[in-house]
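Each structure below appears as structure tokens.
In the two complexes that follow, chain A is the common piece, with chain B as its partner first and chain C second.
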Partner chain A sequence: MTTLTTAPAGPSTRAGTPPRRRGGPRPWLYLLPSAAVLVPLLGYPVYMLGLLSVFDYRQAQVSGGEPTRFIGLANYAALAGDGRFWSVLGQTVAFAAALVVATLAVGAALAVVLTRAARVPRLLLSLAAMAAWAAPAVTGSTVWMFLFDADLGLVNQVLGLDGFNWFYDKWVAFGIVGATVVWHSFPFVMVTLYAGIQAIPASVLEAAALDGASAWHAFWRVMVPMLRPLITIVVIQSIIWDFKIFTQVYVMTSGGGIAGQNTVLNVYAYQTAFGSSEYGLGSAIGVVMTLILLAVTLLYLRALYRGGEKL
Partner chain B sequence: MKMLNRAIAGAALLALAACAPSTAPSASGGDDKSGTLRVWLFDEPNRAPKEKVVGEAIKEFTAANPGVTVEVSYIPTTPARHEKFKGAFNDPASAPDVAEYGNTDLAEYAAAGGFADLNEDLRAWPEGRDIGTDLLRSATVDGKVYGLPWYIGIRALYYRTDVFGELKLKPPTSLKELTSTARTIREKRPDLYGVAVGGEYTFGALPFVWSFGGDLEKLDGAGSREGVKAYTDLLADDNCPPQACAGLTGGRTVELFAGGKAAMGILGNFNRSAVDAGPAAGKYAVVPLPGAEPGSIAPAFAGGNNLGVMKSSRHRSLAVKFLELLGGKTYQTKMYEAMGNLPTLTSAREELAAKEAFLKPFLDTVAAGTRFVPVDPAWVKIDNQKVIPTMLQKVATKQATVEQATTEAAAAVKAAFGGS
Partner chain C sequence: MNRSRVVASTIAVIATVVTLFPVYWMVLSAFKPPGEIQSLEVRPWTLHPTLDHFRRVLGGENFARYFLNSLAVALTVVVLSAVVAFLAAVAVTRFRFRFRTTVLIMFLIAQMVPVEALTIPLFFLVRDLGAVVPAVGLNTLGSLVLVHLAFSLPFAIWMMRGFVAAVPEALEEAATIDGASRAVVLWRVMFPLVAPGLVATSVFSFITAWNDFIFARTFIISAKDHQTLPAALLVFFKPDENDWGGIMAASTLMTVPVLVFFVAVQRRLVAGLGGSVKD
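This part shows the complex of A and B:
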């Protein structure tokens, strides 16, 4: 339990403050169990990630007997000077933003549908959603890729577009990949929000209906405010998932599409860094991604507090 | 796949000491004369005949070396092989003594310090002198020979004899003729592609570049540009429309030809069974891929597999002996009979050429000189970053001119070499 020695904060919190207020050891004691799990499992890798990112660290250093060399921020400088990194980053942010909006829209709409549907359709919809959720990303992507195959795909056969390549145009390709990602991730949003809606007392909705609120108004004015904590969690989860998207892009566009036009940050990191055993550079990209995600999440939480809402 | 990133980073982390990145001890092996010799060979879609030949070799080997057993593992050729090899380099206890590896992976493995230098051993071995210098170069890094070229695969031009007969065409004798023949076919038989080419088919495009005097290391040179232009001119509506062909890998062009959708294709000797299993069976012939000059042969890429001895092997001389047996003339010939693998020993190839008419165009291509990708970790980077496919696809989709695309690619190649 090395965490014991590091856990208590500095002496300032101990000296002179009443024991029942923020300073005492008790809050730290309560944190211990989760800290014991989180520090070794999360803290150490993040620390190593940061450490590796300031070293010249390639396969030759791992097993070839070459000495590792501290190079400061050179890996970060290389990234900052790489025009492609910036364009891929911009593309990733835009794509992730679109995915978050689409996932939430689809998930929320279907959650409302679930609450209103009769038993059998509700069961069918839940089953379909669970199947999509349960499908491993590689499998799901491959199936979607087959559906949209130029020569043998079901979509082309039904539409009579024999030989039309859906992955040729950048935006069409992004659209199909995006649809696959939404298909994979909407069930989580749907189930979470459905559970939230079920927990809203029927009397509240009834009262709204009596006051003459339409379904649309009831959703926006009653359900959404009451579901805000859940929506916050779902949005943050979606941002993190969609920003880190890898499998669908890698599988469906065979590693970034024609001339790399569909590359996102994670695929780029894999190809430039890990695929080429540039562990130092790869770690730098990992650190940048972590920082961006942290910043986005913090900004979002802060905006919510500003709005006066308690979580 | 995110998991894969994590796994790789995790593997890197595990190799570290507590506070600063450190390196694994570079183990040097031993020279035990008995015990178990561990061998890694690549798995194949149809492994039985390979296993049979290897089994015969093991029988012969253990008979000659009492007290020795040989244990063979078949490892997959998927990209996971990189991790498997890296793992073996980092942990000698789980490493084999002898391993088969793809020659394009060599530079990476050499930089990792995984394989032993066999220069002396191969020189002392009479059959070893029978390997052409072109081929030996594909196993050499910085003057050190990290393996014995075991077999090679060579690509040549397959064409449909029925289509050529119907349209009264002759097999092309220059790259210019190849283009015009392909366009004629597409014009008269719009249901067919003239020659199946792909934007991701690096080893289909490189012979064009080499034939015009270009090279990977100077992609913005005049020769390279001519080669890139000649290849990307084929990725057009009058031969193989970019909508369908810009994203194709070499494997997909094989499917197109084998499936009867293309009148010509740049396929390897190892693709014969795939073609024979499709509608093009019995209706095709093979000629060497012509070069820029009329009557010449475009330099082909000498892809293939090597046999190497691990640096950490505890049975060095036994391992070399086994490698020389499996890579010797008898077993190279047997491997051809079993798997269609082209031998690397000149004498074995000549004997086969006399027997097998099918092999003639491929062997003529070898005789005209083969080329190889740079044996440098930079190649792995260039390959992983898809420098060549991106260049071809940008031109084919008109996102860039030949000049712009080659300049950009040359810069990427330069960066890859500079950074390693």
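This part shows the complex of A and C:
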């Protein structure tokens, strides 16, 4: 929940008014502090990530004083020939896809519920969602781990499953981690879509009702088409978050689960670099991830433009 | 009250209970006496609340120190990013210049960079930087401030942009006509006017820094005193048996500050979202 990119879209639409002044060097002066932070700490590391990925860079080079060696695309070739990389990539995509679908389903359903519920339940649900939204990924993970703990967890005690380990089976473990992630991320979808539904003129929905549309039809035939730009943004934002999931997996499965069965791409890159000291190879995984996210980002930009956002 | 309203209200209440339950369980377990946590007869309440876990967490494990470290990092990031983002937001909303759209798109793309993948180059960058400027090298809180400033800035600028644009330009013109210098207009007229926006933006910067797990884990290797909360939380996970009371008390201490901040700006956040679909 650290990068809520659509959240500021609200006030920013007013930014669409064209700026008036020509300031000569002044705007650049105002941009200077940002550049001083972002160029060395964000731009340069991205460049360095790419650079590291084409070098043979391991423990021997980092602390052993051995010369770093340019090896071209050998790291990428190693990845392409590594069955484990492909299986991790595959399960990352599958896991992210499941998360996006689940988050959207829960968030959209509750957004509709919010529009129909009485005032007090609506307020309660908004506040509860805020709490889940605000909870740090680490503490959310620890609480869910405790709930599903084999010996002292509430779930096992209620279900009478003495000592059942939820993190033993790969897919069950993914399920618990996934539930935690959805718990963290559905509020964003719910609040965004709720605000969107609120912005639909009441007359439109009344007209639909007068024409005999059921609630189900009104949702699919009227609300969804009207909210399409917003839904696109929410979907792409969710893809970006869920694809680079790290903390929940790392904390809840202690770094990737039994024999690394729950590893996702981000964790794999981290473990390759800092666990196995294969910094070059880890960077190559990072580059693959960055490229995939960049492609999604371009889709996002297009959606923003189509949504009428003026930059 | 018609039927659909009752159904919707019921679902809303059930969803509230389910959503809040983990938070409730965390706080409850933090206050439960150790005997009740170990007990196999689990109860969703406690008649003997105790501060034992909090005392142990704050006393024994140096947790108070980690808490202050996290707070220091987050607040420094908030202040720096507010000032820097404000200036950048003024530049992109109040002026027309070449590459303005390009600059904006760069800020947007910067938000998408998979931060976790950058731990690898940033680790070496911070290590090398530490050789020149020891205050921001590995094992320092300064290194965490720097990376979180960089990661919260693109979003902060994006968000501030809207708030700056909402300030009527007539106010600045009036001040200029009255003889105010550019610096006075900027810091005495505009800066106070965007204060509400700064608060909302600051909360996100605060959360970015406060919630960080991966950088604290990667950069703070040997200097135990410079550890921050998220990584320190893992101290309570023991190979033989996890100290759940301690973990829950520590988690509670870590969650409460963000919760307070978040609820404080909740209304502004929802109001802001509402505007995004009106045109």
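To be clear about the criterion, the second predicted complex is superposed on the first by the 238 of 311 C-alpha atoms of A that agree within 3 Å, B and C clash if a C-alpha of one lies under 4 Å from a C-alpha of the other, contacts with A are read in each partner's own complex, and residues count from 1 in each chain.
Throughout what follows, contacts are C-beta pairs under 8 Å (C-beta built on N, C-alpha and C of every residue); 3 or more make two chains touch, one makes a residue touch a chain.
Treat the numbers as computed from the prediction; the structure is a model and nothing was measured.
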Partner chain(s) touched by A:258 [first = chain B, second = chain C, both, neither]: first
First, second, both or neither for A:247, with chain B first and chain C second: both
Partner chain(s) touched by A:128 [first = chain B, second = chain C, both, neither]: second
First, second, both or neither for A:185, with chain B first and chain C second: neither
Touched partner set for A:168, first chain B, second chain C, both or neither: first
Chain B versus chain C as contact partner of A:68, first or second or both or neither: first
Comparison of chain B and chain C by chain A residues contacted: C
First, second, both or neither for A:279, with chain B first and chain C second: both
Partner chain in contact with A:269 - chain B first, chain C second, else both or neither: both
Partner chain(s) touched by A:103 [first = chain B, second = chain C, both, neither]: neither
Interface residues of chain A shared between complexes with chain B and chain C: 45, 48-49, 52, 137-138, 244, 246-247, 250-251, 254, 266, 269-270, 274, 279, 282-283, 286
Parts of chain A lying in touch with chain C, wherever the complex brings them together: 1-15, 17-23, 26-31, 33-34, 37-38, 40-42, 44-46, 48-49, 52, 110, 113-118, 121-122, 124-140, 142-144, 146-147, 149, 152, 154, 157-158, 183, 191-192, 195-196, 198-199, 215, 227, 229-230, 240, 244, 246-247, 250-251, 254, 266, 269-270, 273-274, 279, 282-283, 285-287, 289-290, 293-294, 296-297, 300-301, 304, 308, 311
Interface residues, chain B side, partner chain A - complex: 1-2, 4-5, 8-10, 12-13, 15-16, 20-24, 26, 86, 89-90, 108, 111-114, 199-200, 242-244, 246-247, 249, 377, 380-381, 384-386, 389-390, 393-394, 397, 399, 419-420
Residues on chain C engaged by chain A in the complex (per definition of touch): 1, 4-5, 7-13, 15-16, 19-20, 22-23, 25-26, 29, 37-38, 40-42, 83-85, 87-88, 90-97, 100-101, 103-105, 108-125, 146-147, 149-155, 157-159, 161-166, 169, 182, 197, 204, 207-208, 210-211, 213-214, 218, 229-230, 233-234, 237, 242, 244, 247-248, 251-252, 254-255, 258-259, 261-263, 266, 269-279
Complex contact set, residues of chain A against chain B: 45, 48-49, 51-52, 55, 57-68, 137-138, 150, 163-165, 167-168, 244, 246-247, 250-251, 254-260, 266, 269-272, 274-279, 282-283, 286
